[in-house]
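Chain lettering (A, B, C and D) follows the sequence in which the chains are written, and residue indices restart at 1 in each chain.
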Amino acid sequence: MHIGLVGLGKMGANMRTRLRAAGIEVTGYDRDPAVSDVASLADMVAALPAGSRIVWVMVPAGAITHGVVEELAGLLVAGDVVIDGGNSHFADDAAHAELLAGHGVGYLDAGVSGGVWGLENGYGLMVGGDAATVEAAMPVFDALRPPGPREEGFVHAGAVGAGHYAKMVHNGIEYGLMQAYAEGYELLAAKDVVTDVTGTMKAWTRGTVVRSWLLELLVRALEDDPELAEISDWVEDSGEGRWTVDEAIESAVPVPVISAALFARFASRQGASPAMKAVAALRQQFGGHATKPADGA
Amino acid sequence: MHIGLVGLGKMGANMRTRLRAAGIEVTGYDRDPAVSDVASLADMVAALPAGSRIVWVMVPAGAITHGVVEELAGLLVAGDVVIDGGNSHFADDAAHAELLAGHGVGYLDAGVSGGVWGLENGYGLMVGGDAATVEAAMPVFDALRPPGPREEGFVHAGAVGAGHYAKMVHNGIEYGLMQAYAEGYELLAAKDVVTDVTGTMKAWTRGTVVRSWLLELLVRALEDDPELAEISDWVEDSGEGRWTVDEAIESAVPVPVISAALFARFASRQGASPAMKAVAALRQQFGGHATKPADGA
Amino acid sequence: MHIGLVGLGKMGANMRTRLRAAGIEVTGYDRDPAVSDVASLADMVAALPAGSRIVWVMVPAGAITHGVVEELAGLLVAGDVVIDGGNSHFADDAAHAELLAGHGVGYLDAGVSGGVWGLENGYGLMVGGDAATVEAAMPVFDALRPPGPREEGFVHAGAVGAGHYAKMVHNGIEYGLMQAYAEGYELLAAKDVVTDVTGTMKAWTRGTVVRSWLLELLVRALEDDPELAEISDWVEDSGEGRWTVDEAIESAVPVPVISAALFARFASRQGASPAMKAVAALRQQFGGHATKPADGA
Amino acid sequence: MHIGLVGLGKMGANMRTRLRAAGIEVTGYDRDPAVSDVASLADMVAALPAGSRIVWVMVPAGAITHGVVEELAGLLVAGDVVIDGGNSHFADDAAHAELLAGHGVGYLDAGVSGGVWGLENGYGLMVGGDAATVEAAMPVFDALRPPGPREEGFVHAGAVGAGHYAKMVHNGIEYGLMQAYAEGYELLAAKDVVTDVTGTMKAWTRGTVVRSWLLELLVRALEDDPELAEISDWVEDSGEGRWTVDEAIESAVPVPVISAALFARFASRQGASPAMKAVAALRQQFGGHATKPADGA
C-alpha cells in the first residue's frame, strides 16, 4: 500500500515513520521543503494510485485543514479517500465530506491519541465514516494503532464526525483525569506527615484503583523534579476541552468535572483575577475587611 | 433595661452605640482598658441586676468565646442569660448552653449580619434557644435589628445552635452571591463592546432580577475604582464558608456553588498552584507541550 | 411620542401598558389578532411618523426576531429606528444593525430585566448602539425603566450588541444567585435544629449581607408553601445561562459558579443520569459494591 | 513468618489467602466463628511469637477498629506490632499509635487499594510509621503487594498517619477519575453520530492518553450492559471522598474536581432536590415561568 500524508510536524513525521516501519509506502508533503518528500501537494497526489488513493491529512485544525481539503478536492478523483487525522472540530467533518463527495472522493475523520509516545506505542484511533471506506483504509489504521487486539486501539465509532467527536470527548475526559491527579498531588504535598510524595504516587502505579498511564507520566515528572520547582503553573488549553464543554451545553449534559478542569486552566493563566478583585472589593465594602493593595498600587 | 456587653471591637462598639441609642443601658467590658466601661468582667456583672442579667458576648469565636463563657458561668446566677453574638461554630453552642445551665444561667446563640453598616441600618439577627429566654431578651434584639417588621430582621430560628447555624448558612450563601457577581463583572470587563461596565452594573440596581445590597456595594467599589486597579485579587476566607461546606458534606447536601466560591478564594491566595504545576508537567510528559519555566527557574 | 411595538405576549403587553401609562402613544402589533391593535405590521408602520419612527420588537429570539427585523427593513425608511428588546443573542445584533443600516434605519439592542414585575416596578434596561440613536429613544427608555435616578435602571452600555451582552451576563449572574440561595435553603431544611426555615430566610430580608429581591421572592414562595411540596425540582433553562458559559469559554473567563448553576439545572431534568449509572457500574466492577438495580430492572 | 489477621470479611479473607499463598502463616480471627481460625482474639495472640508478633487489623473504620486496637493493647507485649489496614481516618492513627506505645507495641497504618481484584493482582500499599517497624513487617507487605518492583506497589509514605492519608487522597482522586469517565460516557451516549459507545471506550484502552484500569472496568461493564439499563444512577459514597474534601478545606487546597464528583454522588441519591425546588419556585415568582407540580401534588 502507498499513501499520502500531508503535514510532517511532530505528529505527522512520527506517523510516517510508524507507517513505513509497518511496510506501508508513504509520500509525505509539508509546506516546509526541508522535511517534505515532494515539492507540492500535486506531486504527492501524482505519486499515488489514482482512484484508490488514501491521503492522510495531519495539519492544524480549522482554516489550514480546510484549505488542504479544498485543494485535495481539486486534485483527487473518484474512488480516492481523504482521512482527516488532525484535531478538527467534528462539525467541520460533514462539510468536508460533502465537499469531497462532490468529486466522488471518500472521507473519514480520525481522532488520534497518543502524543509523542505514539511513534513507539501506537496511536489510539477513533474513526467516523461509512463502513466500506473504513475497511479500505484498515491497513493504515492497523499500522498506526497499538499492537494487540484491534478493538483495544481502534474503533469505527459511527458516521462522519463520530471520530472527531470521540476524540473531543477523549480529550475532555483527559482534562478531568489530569486535574484529579493534580488535586491529589497538591493534597499530598500540603501535608507534613507525608514525606515521600513521589514515592506515594509511584506506589499507586500497580494494583491500585487509580493506576493509569497518566499517573505513570506524573511519576516520571516527579522523579525528574520532585517539587515541580522547574515548571510554572501556567497551563494552556488546546481547544478540545472548550469544545467538550460547549457540546455538553448543547446537549444539556452536566459536566461539572470537565468544566472545573477547564476553568482551572483559564485561571492558571491569569495574572490577577478580575473576579477575585471584585470579591475582595465587596468584602472591603461590607465588612471593612482588610484587602491587599494591588502590586505597585 | 441594663445589659452587659463583652467585647468592644469594631462590631461590639457599634452595637453598644446602637443599643444605647435605643434607650438600653449598656455596661461594656473589653480587655483593652482604653475602650472598656469597667475594669473587669466581674465589675460588669456586678453592675447588672442579679437574676435577670443579660450579657451579650461579642468576642472572637473559639477559644476566646469559650473562655468568656466559662468565666461568666462562675460569675452569673440563676435567672441570668448569656447571648453569644459572635461567629461561633454552632457545634459550640450546645456545650456552652450545658455549661451555663449547670449554674441555672440561660443561653441564646445569635447570628448577627450587617457588618460595619449595622450601626446605621440595624443588624439581621438569627437566634437559637428556648422561647422564654428569647422573649426575655427581645428588647435587646428589637434595638439591634433593623427598623420595620420584626420578622424581616429577626428570627427565632430554633433550639440552641440554630442561630449560629443559620448565620453560617447565611455566610455560605454570601460566598456564592459574591462569586456570581464577580464572575459577571469579569465577563463584562472582558468584552470590548461593553464600554461602561460600572454603569451597566449600576443600571442593575433597580428593577432587575439581580438587584441586591451586595450589587450596590460592588457599584460603590467600581465608582471609586472602575478597573479595581488599587486592589489585589487576594481574598481571605473567614471560616464560615469552610464550615458551610463541611456541614454540607456532613448532611450530604450538594453545594457546587458555595464550594466553588470557597475554592476560588483558596486559589486566589496561592502564589503558584501546585496542582496546576502538576497539570503542566503532565502535558509536557505526554505531548511535549511547551511549558513555562517557573520564575527564576 | 407615538411608537410601534411588535409582540404582545406577556412581556410586550405589559410594556405597552406601562408605556401608555407614561403618556407614550403605542400601536401594538401581534400575529394574534385578538390582542393586536392593527391588522398587519405594515399597518403598524403606517400609523407612525415616517422618518422618526421607533419600533420596539419584543418577540422570541432567533428566527422569529430575525424575521420581524427583515420585514421591518422592507417597511421602514431612513431615520426610523428599530429596538430589539427581546432576549436575542448579542451576536445577532451586528447583523440586524447592518441589515437595517442598508435602509438608513437605526438599530438599538435593549436587554430588559424585571419579568412580570416590570409592569409595576419598571424594567432594568441595558442598551447598545450609537449615542444619537439612544438619545432619540430616551423617552421610551425613561417610560419603561424604574422611577428614580436614570442611571440606576438604565445604561447605555456600549456599541451595538452591548445591551444584549449585558443582559446575558445579568442572567448568568442570576443563575448563580438563585443556586446560592437554593443551596442555603437546602442546608437549612436539612438541619433538625433549625425549626423555622421560612422565618430564617425572611429575617435575612433586612439588614443582612444577603438581602436582595430574589431573597424576597424566595420568602414569598416559602410563605405560600413552606416545604415546597407543591413544586417539582425540574428546572428549565432559558438559553441565556448557556450563552453566558459559552461566552466565558470564548473569553477564557473562569465561571465555576455560573456553570455549576447551569449544570444543576441540566441534572434536575434528567430522569436517570447516564453518568451516575457509569459511576455506579464502576464501583460495582472494582469493589463489588452494591448497586441498586434500575427501576423495573 | 506467622502473623495474626483480625477481620475476615471480603477483604480480610482475600488477604489471608494471598498471604498464605506467599508462604506466610496466618492465624485469622473474626467475630464470626464460621470463618475464624480461632475462638478469640486472645487465642490468636497466643498462637503468635510473643515479642515479635505482627497483627494485621482489617475491620471497619471507626469504633470497631478502635475497639480491636484497645483489646490488642491489653493482649500484646513490647516488641509486637499492630498494622491497621482498614480505611481508618488518618487522624485516628496518632491515638492508636500512642495507646499501643504505652505497652511498648509498635504501630503502622497501611492504606490498601485494589478491591476484590487484590487477591489476584496484589494490593497497592501505602504505609505510615517508623522505618524500623516498617522494615520488620516488610515480608507481609511484599506478600500483599503486586509482583514487580516494590516501589510500584508499596510506599513508606511517612510517619504514622501518612499511610491512611495517602489512601484517603487516592480515593479522592478515584472519585474525580470516575466522574471524568462518566461525564465522557454520557457525552458519547448523548450524540447520535456516535453509534458504538462501548467500542469507542474500548478503543481507548491502548495507546491513548486516557487509558487506565478504571477505563478497562468501565468497558467491562458496558460489554455486559451497553446501555447500563440494569443499573440505577444511585451512587453511594464510602466516606473517604468526604474526608478528602474536608481535609482540602482544612489545608486550603482548591479541589473543584474531587468535590464536584462527591456532590454528584450526593445528588444521585436525592429523590427530589430541595435546592432545585427552590430554584423552580424562584423562577415561578419572578417570571411566571411554568413549573412542574411535584408528583402527586
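Note that contacts are C-beta pairs under 8 Å (C-beta built on N, C-alpha and C of every residue); 3 or more make two chains touch, one makes a residue touch a chain.
Listed by chain with UniProt protein names: A, B, C, D = 6-phosphogluconate dehydrogenase (Decarboxylating).
The shown structure was predicted, so the numbers you read here are calculated from the model rather than taken from an experiment.
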Selected interface, A-D versus C-D, where C-beta contact pairs are more numerous: A-D
Turning angle required so that chain A lies on chain B, C-alpha fit (0 to 180°, nearest 5): 180
Taking each chain's C-alpha mean as its centre, the one farthest from chain C: D
CA centroid of chain C to CA centroid of chain D, Å: 47
CA centroid of chain B to CA centroid of chain D, Å: 37
Inter-chain centre distance, chain A versus chain D - centres from mean C-alpha coordinates, in Å: 32
Chain C, residues touching no fewer than two other chains: 115, 179, 181, 183, 186, 190, 209, 214, 253-256, 260, 263-264, 267, 273, 275, 286
Chain C contact footprint on chain A (complex, rising order): 209, 237, 242, 245-246, 249, 252-256, 259-260, 262-264, 266-267, 269-270, 273, 275, 286
Complex contact set, residues of chain B against chain C: 90, 113-115, 118, 121-126, 128, 145-146, 148, 151-162, 165-166, 169-177, 179-181, 183-184, 186-188, 190-191, 193-196, 199-200, 202-215, 244, 247-248, 251, 253-258, 260-261, 263-264
Chain B residues touching chain A - in the complex, by the definition given at the top: 10, 115-117, 178-179, 181-183, 185-186, 189-190, 214, 217-218, 220-222, 225, 228-236, 256, 260, 264-265, 267-268, 272-295, 297
